[in-house]
Amino acid sequence: MSTAERTAGRSAFAEYVSRHWRDWAITVAAFVLAMLIGAILMVVADPQVSANFAYLFTAPQLALGGAWAKVSSAYGALVVGAVGSPQALALTSSKAAPLICAGLGVGLAFRAGLFNIGAQGQAIWGALTAAYIGFTFELPYGLHLVLAVLGGMAAGAVWGGIVGWLKAKTGAHEVIVTIMMNYIASGMLAYLLTTAAFRRPGREDPISPEVHPTAALPSIFGQFHFGFILALAAAAGVWWLLERSTTGFSIRAVGANPNAASTAGMSVAATTTITMTCAGALAGLAGIQFALGPSANGAPVPLTLGLVGTVGFDAITVALLGRSRPVGIVLAGLLFGGLDAGGLAMQSVAQTPLTLTMVLQAVVVLFVAAPALVATILPFLKGRKLKPAAALTGGQA
Amino acid sequence: MPDQDTRGLQLRGITKKFGSFVANDAVDLDIRPGEIHCLLGENGAGKSTLMNVLYGLLQPDGGAIVVGGVEQHFANPRQAMAAGIGMVHQHFMLVEVFTVAENLILGREDGPVVDLRAARTKVDELSQRYNLPVDPDAVIEDLPVGVQQRVEILKALANDAEYLIFDEPTAVLTPQETDDLMAVMKKLRDDGKAIVFITHKLREVREIADRITVLRRGRIVGSAEPGTPENKLAELMVGRAVDLQITKPPAEVGDVRLRVEGLSVADPNGTVVVDDLDFEVRAGEILCVAGVQGNGQSELADALLGNNADVIAGAISLDGVDITHARPRETIAAGVGFVPEDRQHDGFIGSFTVAENLVLNRYRDRPFANGIALNLEAIAENATELVEQYDIRTESIQKLAGQLSGGNAQKLVLARELSRELALLVASQPTRGVDVGAIEFLHKRIVEERDTGAAVLIFSTELEEVEALADRVLVMYRGRSVGVVAPDTPREVLGLMMAGVPHDEAISGSSGSAGAEGERS
Amino acid sequence: MKKSLTITAALGALALAFAGCATPPPAATSSASATSSATASDFKACMVSDLGGFDDKSFNQTSHDGLVKAGTELGVQTAQVQSKAEADYAQNIKSMVDGKCNIIITVGFLLGDATQAAAKQYPDVKFAIVDYAYDKPESNLKGLVFNTGEPSFMAGYAAASLSQTGKVGTFGGAKIPSVTAFMTGYAQGVAYYNKAKGKDVKVLGWDDTKKDGSFIPGQNPFQDVAGGKQVANNLVSQGADILLPVAGSAGEGALQVAQASGGKVGSMWVDTDGCVSQAKYCAVIPTSVGKAMDVAVFQAIKDAKEGTFNNTPYVGTLSNAGVFLAPFHDWDSKVTAETKSELDKIKADIVAGTIKIA
């Protein structure tokens, strides 16, 4: 039966390529278009450079040269800052790791048809718990880290699982519940940081003690730390879960058609709860990256109100950009991590405002989220006309 | 000889390819005012592709469309509509939360102000003229399927369509609704409209076609006179002789397998939709539940599977084991095979591959899973086998099930359910929207399942199917059993029973003398 | 539709063509990037903001003004990085070290840990941090702190004298020392007024005995204008008619509430003179509690450039003009001459140490 297997394998690959090449092309095109728009914005936003466009025809070298110098130095800094050196790559990896984890949490939920807006709250719980274990207990190397990581993931899993359980039992919509749970999580964090258990002795502001080095994610090279390996492992785990496990089969089935899944004997309620629990654990892992990952000065950043930033919301973007596929999410996370790292270089080296890198990210997402828009701008990507539902389901093609 | 009437519409040498697949191969078609032109063909023969080309949804790779003597190129449906072409889709293109009148003016709003009053007037005017009663202010989602279809027809007529395409309009209709639609189509024809009627139901073709063109594998394989016998038409369609009436051996009835006692089921609103129902199905027999749609059949089927059914009284047992409140996973494990009424909605997952769909309710069992890991090889092997065995036409087992034609999707669902040992097969409308060749095959497989000793329960609104399959017929009306009769009970009697008239009255009420035997078991 | 688009595009192109026909001034043609490079020295001063950003119309912006001033007056090169997340602080400081900065000024106590770590790690670079003072600073690290309680005391006194309802209010962005210092001074100024005048003006939003009060909830309180508005509305609904929001950009919420009140409510501003930084609200701003961070930043850069930098914390006080009560602007007529002279006396007493704020 080996020939048959090989044929099946090859046809599966061919299926994949024929089904997805356009997605990839559009993603790349979206990126390029966003860079173009970013370039225009940079030129327009800089009064000195844009003023020279008054002389576009009389002294084009002024206008175009100025614009080129501006844009090339900014994008040059972006590229160098993201991938230009081992340090840059390390920074990119450390920026990408939490985005990948939280993106997986959102993406996994997406696959089950759940819109997990709650990665933020789940990440907060992950960070909070991991940091607490990290600065409170005195434990040997290894054990301390394992406990902190597992604790953080468990906290995220509980926070996500509550949402799944509520949805399964009461039908409460997960979007509303997760949004509220985010508020509760950040409120809890703010409260806990005022308590003796969390607040650093001698400080009045909400900041925790420093995490013991025994609980820090070990650095491999600068900021390229073990957390990135964890993120990749999580991505591989999610891929296996979705594509190779029975649980993933039911997650995908419930996401694609809950009626058919239920008719086939799958429990939509149980699947929802399991999915949200796993998603919460993944988002919790993102929080752990913030709490235990070494910063530029080698030590983890102590827990504060805004430690996890907006990772839960950026994760939605990452999941969207990665089309909720683990590989896509890793790539999207790296892209965003690179934009973050490179964006810093754009600021510090080329003195481009932070807001511009954020606009760049937003434009990338805009184009990626609306493939039809990119296809309209670049008609050669259009290919076969989208057929209406009647033609697809009616069957007589 | 086709005349050169410039009022007509001609398709000349239409060719449409999808990659290397030729869906339409140089198809010529002549559509004339005042005629019903039947386009007959199996699922996947290229009928819908051809009509989508005509309607501007697809662009042909070759050939020409000539309307009223002028060659036309339709880049989109809007242009086709402007040329007088209207389409009644199989899956309605209506906004479900809008009213009838609002749907009618959808996409035709002139200026910023929506003139609803004019739309209402138009609905009334058209529905009177063509005898299509519809309340202009009714919201679409509240209307029965048959009435929704009327709205689709009204929409086309409101666009002043001269050429009306009906894409398998009867697939979703009950027998009564089908008769109503036929009457409407005749009226439209007599009014001078040109009608293209796509179907694979031979009885309907014989009833109203003025001309018949048969399509097979993208080519026209012939035309037929309206009086052509059904088996002849079927042969043209399928390309070989077809048994329209399967010959099934008499049932060898064994012990009772399914027993339903005093069963009552409520719908989500709390209304009792299955009311104190008693029946049983024995090993080796087929019990058909006949009835007009919406008389509790769906809820009964759901209750048997244990899927989202609110059983408020009574008991269901399978082989003596109580399964009244069992969940689908348990009933499936107990040997219940289930073919849902709406296969798109409940039967398979469009974005899953054929292979995945073929193990949709067995993916946790050996050999498809080892522990929590899927065994992809076993899943692929199973798919390859079943695709072959059930003649599911697909390029690959990795193709998405949503891309299968209706008949092939139904084969997929039946293949999945019949490929394991069953104690009970529950199949709702097992051949709805499926073409003749496939119906024959599916019916045979169902009878074979019976002969392995399974109890078989079929829900059908099509009397032909009831006649073909049933060993006994249970007629359901408003959640209750009107009676259990023999399959050779005259149609009129069954029809009356389906309207709630008890068996005895139905016999005296109908002109034909009945051969019913009432209770048998 | 399509045609009109084409015409629009053509017109646009034409307009661009005309606009592009201007003749460049001769100076501009010589060098595409003609900045003040002639006077630029090799010395580089850099700044890292907290999450507020350099356009927060409050302390990041004021600090940045000091950097800009150093650029133009001292001819030093400048660079800045705006922080996007708290986890980025260390990285952002490092990027400025990598940018070969001679002095790096970090803005906000939130950068305290990261700045200290960096000072340890890079002893050759000078660091100064706004709003943070260390007990035992590194030799290359200078804290720039401001005794904002002093002008706040004056503001509280003025507020009490202006209140019609007998209630004044304050709220903070977060319960942190640099915020509560304002609230403490404000409340004590009101108490001083009550004692001097035998009145009973109440302070809402800060309980000086419990050292606790009203703060904007949420994760980014200093950027949350809507949150500030909500807290301000709460105070007003309880009767407060003069407010002191101590919440960075989010304080704008209080200005909005004051503006919507039709003259019933006034809201002060902090860090900068609100009539300058929030000019459109000037009519509702009685006065502002100023923190001359620009002066402190400028001075730190100047010292570093001239080699006189030391690690003794800078403390801005009324006496060295590092903090101040801004002019009354539009409210000048509402503040009685009596109050004005009392305020002058209070200022003198504070400088002299006869009034102590704790």
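A few remarks follow.
In this document, chain identifiers A, B and C correspond to the written order of the chains, with residue numbering beginning at 1 in each.
Just so we're on the same page, contacts are C-beta pairs under 8 Å (C-beta built on N, C-alpha and C of every residue); 3 or more make two chains touch, one makes a residue touch a chain.
Please read these numbers as outputs of a predicted model, since none were measured by experiment.
In the absence of chain B, chains linked through touching still make up one piece. Averaging the CA coordinates per chain and comparing them to the mean over all protein CA atoms picks out A as nearest. Centre-to-centre, using mean CA coordinates, chain B is 72 Å away from chain C. Centre-to-centre separation between chain A and chain C, using Cα means, comes to 34 Å.
With centres defined as mean CA coordinates, chain B is found 44 Å away from chain A. Across the complex, chain A is touched by residues 16-17, 19-24, 28-29, 32-33, 51, 53, 79-82, 84-96, 98-99, 109-110, 113-114, 117-118, 121, 174-177, 180, 217-220 of chain C. Across the complex, chain B meets chain A through its residues 18, 23, 41, 43-49, 52, 57-59, 89-91, 93, 167-168, 305, 307-308, 327-329, 331-333, 338, 340, 344-352, 356, 360-361, 363-364, 369, 372-374, 376-377, 380-381, 384, 396-399, 402-409. By the touch rule above, chain A contacts chain C in their complex via residues 48, 52-59, 62-63, 65-66, 69, 91, 186-187, 190, 194, 204-207, 210, 223, 290, 295-297, 299, 301-302, 304-310, 340, 343-345, 347-349, 351, 353-354, 358. Here chain A touches chain B in the complex through residues 1, 4-5, 8, 11-12, 15, 244-247, 249-250, 252-253, 256-257, 259-267, 384-385, 387-397, going by the rule given at the top.
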